[in-house]
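What follows is chain A paired twice: with chain B in the first complex and chain C in the second.
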Partner chain A sequence: MGYAALEFYKIRHKKIFLMIVFLLCIELFWAFMSGSISLSRDPDAVSWEVIITIIAQMNGLFLPILTAVIVSRICDMEHKGNTWKMLMAASVKREQIYAAKYICACSLILFVIVLQLVAIVVFCQSKSLTSPIPWELLVQTAMGTLVTSMAVIALQQWISLAVPNQAFALCLGMLGGFIGITASLFPGMVRHFFIWSYYNELSPIVMKYINSSVVYVTQGLSFPFVGGLLLFSVLLYAVGNFYICRKEV
Partner chain B sequence: MLIRTFSSECIKLRHSYIWIVLSVLPIFSVLIGCANYVFNRGILQNEWYSLWTQVGLFYGEFFFPVLIGICCAFLCRFEHINQNWNSILTAPVPIRDVFLAKLMMVGLLSAVTQAFFLSLYFIAGKWVGLISPFPSETLGWIFRGWVASLAIGGVQLWLSMRIRSFAVPVGVSICATLIGLGLYVNHLGMFYPYSLLTIGMGVLSQDSLAMMEHVLFYGMSGLFIILFCISGIRRLKKTDIVA
Partner chain C sequence: MTEMISTYKLSKQYDGVYRVKDLNLKVYEGDIYGFLGPNGAGKSTALKMLLGLVKPTDGGVNMFGKEFGANRLFILKNTGSLIESPSYYGHLSGLENMRVMQRLLNVPNRNVDEALRIVRLESHKGKKVSQYSLGMKQRLGIAMALMGFPKLLILDEPTNGLDPAGIQEIRELIQSLPQRFGMTVLISSHLLSEIDQIATKVGIINNGELIFQNSMDALRAQSKRTVALRTQNISEAKSILQKYRFTPVHQDDYLIFEDMPDEQIATINQLLVTSGIGVTRIEERRKKLEDIFLELTGKVSSL
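What follows is the complex of A and B.
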């Protein structure tokens, strides 16, 4: 944990929080505008499920990009400052630095998810939704988003540390965002191969078209998918860690 | 001197592999757009124009502005590392040419990307079996997209020179693009560089621009280019560089 704290110390003047809040504000503004339009058309049709589904869909676009930016900033400072040799000379293992950067990125994404939950609750309360706050659904949404982000962070960290040119890592983030938002158009078998599609896939609520009308069905968190994705995250982390720790500095 | 500064920018990019980034995103846009067109052919019956809406939507609306952001951040990254700003600003080169050469390079890269996207669009159209003649408006959309990309390039270069981080200007370009979408919907797109791309490339509406709209489009694009060039050059001249 000490090394993770040092990572936070290194980024203390990098205004990462400003960047996070800026991107998050745009995402939430977009999502809540969409929710408000639905509410103005049919006040009875809007519920917590609608807002949670919109946020899950928006996360497919925004979180891969935000993750790419955060991870790139955490990793790029070592490339840009030529600090790798200095870090290697200190009494710290590369595995510990890799883990510290991963924990730092995951903590920042957790912060984003918590902010999102707070914003959802505040928005829905301000619109006077009659049903009580569905804590279980909100926690499941947060869990699904966090597990997906953990896999995406593992991949982004590997690329950001392996390739000093951050254009590739950010390009991957853009592609991830693109796949995340369009994944619902792919056949089921295809989209399960893309980690970015799980922002929407692990949402506890699924949107279905029945007789040309939209119905929101609560399906809960799919634990086999969560388990599978966690295993894949561990695999990505392990491969990235193995590659970076044996790379010539 | 501008030409020589420009050729030095070309040398800097020689082994950078930036072309991979510039080609991957248009390929992806065309592949997904094409697949969407094929699956929804019953609704999308306007042949080349319908295909354009599908392949151009994500490219013009999200990828291309961000690609420009990545190019600008990449061009400035060379100077941000190893105290290169000190070297370049003490070289016997007019500061104006340093900025303009970078903008010219952004223009060249975006022109290549646009040409590549156009050829992909043509190949995709032939591949899905479109039989109507290739619409001549496409060249206008591609050209106007390129002009708008110069305006965005001016803004992004200005940002990338100010911000030493690589990711932050790219992140800002993503946010600015999304704000641009909102402004376009509210009919204020002509006054915002990132929405000019949406208007110029006709990705959301293929209606041809009226004469006045053409004048406004080119006028506003030119204004943004000049404004940010002046601001960027002035900053390089007046402000102390943190190298």
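What follows is the complex of A and C.
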């Protein structure tokens, strides 16, 4: 944990928190505007499930980009100042530095997820939704988002450390955002191959069209998908870690 | 004497070409070892292999009497380094950069203050490093290398970017390290004059191969004296002297003799004057270290 704290120390003055809040505000503004419009059209049709689903869909677009930016900021400083060789020549295991960066990025994304949950609760309470706060659904949503983010972070960290030009990693993030928002349009077999599609895929609520009307069905967290994605995260992390830690400086 | 660094047949190949070949480096405790070579000779690659930043193709490294691979953390804990350009976080201040290194090395606050004081950066420690001059960044790099007050300090061209006064300061600092802190220093440079002034031992690398390794005195001993003689008729003078079993070499209007006693020079002068050949100059010449270095490396252009 000491090295993870060091990563937080290193990103001071980089205004990462400001950037996170800014991007999150855009996402939430968009999501809550959409929720407010639905609410004004038909107040009875809007529920916690609708807001959670909108947020999960928006996450597909915003979180890959936000993740790419966060990871890039954490990794880019090592390229810019030639510090990777300084770290490698210190009496530290390379794997520890790699893990510290991963923990730092995951913590920041967890912070984003917590902020989202708080915003959802505040928004729904302010709109006087009658049903009580669905804590279970909110926790499942957070878990699904976090597990998906863990895989995306593992991929982004590998790319950001392997390729000094961060435009490459940021382009990958934008591509992920595009896939994340459009994934539900792909056939199931196809979208399951893209990690960014799981922001929506792991949402505990599924949106279905029945008799030309939209119905929100609570299905809970799909544990086989969660397990599979966690395994894939471990694989991505292990490959990235292996590649970066053995790379000559 | 304790061996601090010992490499055996250390080699590194890139795309089938040897950058470092069969390097057998020996650095002993208390040495200031000057690692000298023209640009592109393989100095940095060799130093990177010592620190585990580059994996050798062949051979191995022993430091502090231990094999590097199995004792990497122990060795690096006792080694400070500055390789190629200085490493720094530009968005952090000098002091914050030092704090990063402090946390990695787990050393007390007083080491940070002392290292900043040694490189005279105390007054600039609050400034962002991106606003530092190249010389200040270099000093910061040296401070970071010194912070743990390691037993071994590896500095790759540490005076790059420094002004003459800064070079002098760093030179004096490096010279004082073995006595003040009991450090052994391995310093690389492509400047012979720099190594000549501070090193006690020298290794010369060229095209990846170590072509000389010994004390500075041994290198200086290679600079043998010669005597150059100029006369009004060189070829006539040469044939006369050859009759008396002298073997001068005709070079650029001079007759060159290996170092000889004053009496012999007087004899030669007398022989030529009595033969009617005017002697216009008699010069003692000594090969400069640069000449020896150039002879060894066969390079002129890179210096």
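Definition applied: the second predicted complex is superposed on the first by the 249 of 249 C-alpha atoms of A that agree within 3 Å, B and C clash if a C-alpha of one lies under 4 Å from a C-alpha of the other, contacts with A are read in each partner's own complex, and residues count from 1 in each chain.
The working rule: a residue touches a chain if its C-beta (ideal position, glycine included) is under 8 Å from a C-beta of that chain, and two chains touch if they have at least 3 such contacts.
What you see is a predicted model, and the numbers here were worked out from it, not measured in a lab.
Chemist: Does the superposition put A:Ala68 against chain B (first), chain C (second), both, or neither?
Modeler: In the superposition, A:Ala68 contacts chain B only.
Chemist: Please work out whether A:Glu248 is in contact with chain B alone, chain C alone, both, or neither, and reply first, second, both or neither.
Modeler: Touch status of A:Glu248: second partner only.
Chemist: Check whether A:Ser213 is in contact with chain B, with chain C, with both or with neither, and answer first, second, both or neither.
Modeler: After superposition on chain A, A:Ser213 lies in contact with neither partner.
Chemist: For A:Lys10, is the partner it touches chain B (first), chain C (second), both, or none of the two (neither)?
Modeler: Once the two structures are laid over each other on A, A:Lys10 reaches chain C alone.
Chemist: Which partner chains sit in contact with A:Gly2 here, chain B, chain C, both or neither? Use first/second/both/neither.
Modeler: second
Chemist: Touching A:Lys80, do we find chain B (first), chain C (second), both, or neither?
Modeler: A:Lys80 sits against chain B and chain C alike.
Chemist: Which partner does A:Phe178 contact after superposing on A: first (chain B), second (chain C), both, neither?
Modeler: first
Chemist: Check whether A:Trp30 is in contact with chain B, with chain C, with both or with neither, and answer first, second, both or neither.
Modeler: In the superposed model, A:Trp30 contacts chain B only, not chain C.
Chemist: Taking the superposition as given, does A:Ser128 touch the first partner, chain B, the second, chain C, both, or neither?
Modeler: neither
Chemist: So which bits of chain A does chain B touch that chain C touches too?
Modeler: On chain A, the overlap between the chain B and chain C contacts is residues 14, 80.
Chemist: Please output the residues of chain B touching chain A within their complex, sorted ascending.
Modeler: By the definition above, chain B touches chain A via 16-18, 20-21, 24-25, 28-29, 32, 35-36, 39, 58, 62-63, 66, 70, 73-74, 77, 80-81, 164-168, 170-172, 174-175, 178-179, 182.
Chemist: For the complex, give me every residue of chain C touching chain A.
Modeler: 48, 51-55, 73-74, 76-77, 79, 81, 83-92, 96, 99-101, 103-105, 129, 144
Chemist: Considering the complex alone, what residue numbers of chain A touch chain B?
Modeler: 14-15, 19, 22-23, 26, 30, 65-66, 68-69, 72-73, 76, 80, 165-168, 170-171, 174-175, 177-178, 182, 185
Chemist: Looking at the complex, which residues from chain A come into contact with chain C?
Modeler: 2, 6, 9-10, 12-14, 77, 80-83, 85-93, 248-249
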